[in-house]
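Just so it is clear, A, B, C and D label the chains in written order, and each chain counts residues from 1 on its own.
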Amino acid sequence: MEHLPRMLEQTAIIVSNKRDTDSYFRLVLRAPQIAPLIQPGQFAHVRILPLKEALLRRPFSIFQVAGDTFSILYKTVGKGTDVLSRMSAGEELSVIAPLGHGFTVPPVGGEIPLLVAGGYGMAAMFLLAQRSPQKGIVFVGGRRRVDILCEQEFAALGWEVRATTEDGSHGEKGLVTQPLLAELRTPHSALRTFKLFACGPTPLLKAVGKLAEDFNLPAELSMDEHMCCGTGVCLTCVIPVKAGESWEYQRTCTEGPVFDSRQIFWEGVK
Amino acid sequence: MNLSVKIGKLTMPNPVTVASGTFGYGAEYARLIDLNQLGAVTVKGIRLNPVTGNPTPRTAETTSGMLNAIGLQGPGVDGFIKKYWPFLKSLEVPTIINIWGTTVEEYAEVARRFDALGGVGALELNVSCPNIKAGGAQFGTDSTLLAQVVTACRQATTLPLITKLSPNVPNIALFAKVAEDAGSDALAITNSFPAMAIDIQTRRPKLANLTGGLTGPAIKPIAIKLVWEAAKAVKIPIIGMGGIQHADDAIEFLMAGATAVAVGTANFYEPQTPLQVIAGLREFMLRKKIHDVRELTGSVQTAK
Amino acid sequence: MNLSVKIGKLTMPNPVTVASGTFGYGAEYARLIDLNQLGAVTVKGIRLNPVTGNPTPRTAETTSGMLNAIGLQGPGVDGFIKKYWPFLKSLEVPTIINIWGTTVEEYAEVARRFDALGGVGALELNVSCPNIKAGGAQFGTDSTLLAQVVTACRQATTLPLITKLSPNVPNIALFAKVAEDAGSDALAITNSFPAMAIDIQTRRPKLANLTGGLTGPAIKPIAIKLVWEAAKAVKIPIIGMGGIQHADDAIEFLMAGATAVAVGTANFYEPQTPLQVIAGLREFMLRKKIHDVRELTGSVQTAK
Amino acid sequence: MEHLPRMLEQTAIIVSNKRDTDSYFRLVLRAPQIAPLIQPGQFAHVRILPLKEALLRRPFSIFQVAGDTFSILYKTVGKGTDVLSRMSAGEELSVIAPLGHGFTVPPVGGEIPLLVAGGYGMAAMFLLAQRSPQKGIVFVGGRRRVDILCEQEFAALGWEVRATTEDGSHGEKGLVTQPLLAELRTPHSALRTFKLFACGPTPLLKAVGKLAEDFNLPAELSMDEHMCCGTGVCLTCVIPVKAGESWEYQRTCTEGPVFDSRQIFWEGVK
């Protein structure tokens, strides 16, 4: 039988739920059984109990873990996140977590991580940065200044942060892959080996996958697919993954969300 | 208190199973609930060979429901037996295997294979999937084809046969009777309803397959009516499903004429649902002093 | 910006009307909204003679929907003309009269009477009410009977004829085509779905009529699919309905292939809905720089 | 065209929402346009906005009116009233009111009102008692002590209150019609003419209708039917009313909820 990672369902109490920038919010949840199990890149599947007419849970990357709490950093984009943003400390959510196959934390003395994040993709990468023995660089991009999240937190870990915005309102103007490309082209000592880690919208992941191929670097990508069950039973969240000569669908919620870039059958990814 | 029911020669320790396609192959939710508490585990539809399924997006949320067009992705009979059967066989409760094919002969062949496997609880013939071109609802909305499929499977196996009818017919009683006469031991009612949702921003259907099947609490009243109509027409037991969220919903299906029920879409948002339904059913029976769950079946009072 | 649409020779100033049976005879909601803002007022089903309707309870709430089995209570043609027509005639917007009968001849006779009345905007043939023994869905699920009813009404009147199809058929395109070929100027899709709810405490159906029709947001995805299927099969316009609560829902129906839409159940809980839908539609068109609402009709992108 | 009473739709703000006895609550709503229009026996059709999965409004008799507010007295019996009971001051409800044809307030020097109420039926009668020029007697019945509502308020109006409970925990033990029957049998001066007004469950209304017939007294009954639209369009709420030799269905929400007992076709009432 296939390997299935451990997960729990728990009623989590909201510790705080505060606006970060613009339409982004930080939610801290008390979930004592879940918090200690969390690995970087895993997600929580959240049932927003006061949500009307809509049944399904919403998936969110786990941002930070502290004691018996964990937090998420979310953007209000639709009815679920809108209702979530109006909830207050003390209210309850139902959470299934930790879910999915996350990032591989580099071993001591191993690769230097280059993180690439778009928007709330930053949330998925914090634990990785925190737990990586080597500090690396995080390339973060967004449309506007407000889309660049938690720079300080990464900086406080001793990481270098390179921000880009499409409108130039913060950091370099352009796409997040530009400074990354520049960095990759800079000659480095042979001892220094990089590994790419990315989370963000599919075009970003595609671009990072392409760079990984071009520079022959390993890359782990957290794929962005709509989910339903989040636990591997419904087969909603599949992406095409290479299998021998051909390809097969694998579940983002179970085999993913993090996949080795070389395993992805990119021709089949929309 | 007796909770056990019979579906053909299959004995379920209680009348609550899960709906095919909403519970994977059992092992996934074994991490969250004790499967041995269920009346049976029903697995995702299997055909002879592996199936890739439809492109994504495959599901979309709707008001109190959801659409799906998974396209019956699956490992095929051999893949299933290798990958999932050892775990399922180890359970104390029976496994119901949902099967399908694109031809009558394929249905029969899959039935033969599972008959030969040994230890299978029952076979559920999916003749009602709206999300595949051939072999889905086509068999379920044509009474001649339906009779052929059921007859062929009946000849292929002595396992209990459950025919999962299509809801998309003006007269479910007719199809129920056809399945019964062709040798089906039970019926499953209902599958999802052909439906569609459009993203008005992109003007694209929300599913890559354009259309899909509607399930969840939204459809329950239609499903209850279908079970009630079918139950009046046949003597074989019915497994009722469609939007069950609470024990009350399950009891409503039983009263309408079902012998057992299946929890479907609710598993996705609340995997505890099947166990909550069993607990709630027990409590209802205690409160109402009902000693045998079979007393509930068809007990709706319809004298005007 | 053009919002007006044509249903046969009837011009609606905007594509939003109300669903028959959810808006009384117009005057009731005139106390809460300005009827002259609507595309048309559609009234409750009328047959030749007064109708008592079904015993109570006649409605029941379900998950994101409701059941009704009103049984087409109504004042008959004469009662309607006397009691309600003077008010409706005084409106600036057209009235669509929903009619039915228990025989082909009765349908035609009602059509003749309203043709003679003068000033009626259009007639909507209800061949799909699930709540009456004769004359309801019977005509809508039998294509021969459907052709007869439409043909007879076509001969009886030059008023625009809208055939309100039954959703309860495996192939709506076939029925759509039959209505078109028999001379219908437009289609209305969809009526309510045969359904049932049981009170598990009393074990009685929640409706005195035992079964009823399911309406409201729960059914929208099924209705969208029916409109899309029918629109591909016919050239005549379609009035889409089933669960419209917001402008977005209405736009979804238009994209699926409807030329106009009707707000039904939502009136009961939010009588402002039709006006909110019109306002939201306008805003959407402004935002998307759409100058003519007819550009939306059938604009869903279905190339895979 | 038929006569249709005036009604308004308004967003009403909750002023307070407090438990009365047991499972009964008092809700005060600010609704400045509606409050002045209210007549005794009319009702409000309330959309409980946070209610999930259930669409329809809930009808409640209007209990009291004060300035720009009105109140209702409700019992938690199902999902709508349960959610309502958890709402707090400052939250909003959508209200359509005043609805229906209420009680006829007796003219000065006219009949002496005898009110008969079961459970929350008391709520429907307060405005009538308050606005009646003649004080009368209110007969109130319930299962247990906690079902006897707002006795003091009626007493404070100078009305006599006769309570009965089925379990004898308060007032006389038995049904509410027993003391009423006793009162009706007591010889009175010829000048004293009574009129019955009742609101409560159907068996109570039937019993009062029967008494009215036996004693040849006028009676106005507020009928208890499930509602959907509450505004006369859906034909859900009908009861059989005499019409010539036969009967016809009339709408409780529009022609009622208050009907003259003699008009009701009792054989058809369930």
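Here, a contact is a pair of C-beta atoms (placed from the backbone, for glycine too) under 8 Å apart; a residue touches a chain by one contact, two chains touch by 3 or more.
Note that the structure is predicted; figures quoted are calculated from it, not measured.
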Subunit B-subunit D separation of Cα centroids, rounded to whole Å:
48
CA centroid of subunit B to CA centroid of subunit C, Å:
34
Averaging C-alpha coordinates per chain, one finds the centres of subunit C and subunit D separated by a number of Å equal to 36
Touching at least two other chains at once: which residues of subunit B meet that condition?
63-65, 217
Give the residues of subunit A that touch two or more other chains, as numbers and ranges in rising order.
53
Using the contact definition from the top, classify how the chains connect: line, ring, star, complete or other.
ring
Let me know each pair of chains that touch one another.
A-B, A-D, B-C, C-D
Mind listing the subunit C positions that touch subunit B in their complex?
55, 62-65, 67, 137, 141, 166, 168-170, 193-198, 200, 202-205, 208, 210-211, 214, 217-222, 224-225, 228, 243, 248, 251-252, 255-256, 284, 299-302, 304
Which of the residues in subunit B come into contact with subunit A in the complex?
21-24, 27-29, 31-32, 44, 52-53, 55-59, 61, 63-66, 68, 70, 73, 83-84, 86-87, 216-217, 265, 267-272
Would you mind writing out the residues of subunit A in touch with subunit D in their complex?
50-53
Considering only the defined contacts, which subunit D positions touch subunit C in the complex?
1-2, 4, 6-9, 47, 53-57, 94, 96, 225-226, 228-229, 231-239, 248-249, 254, 270
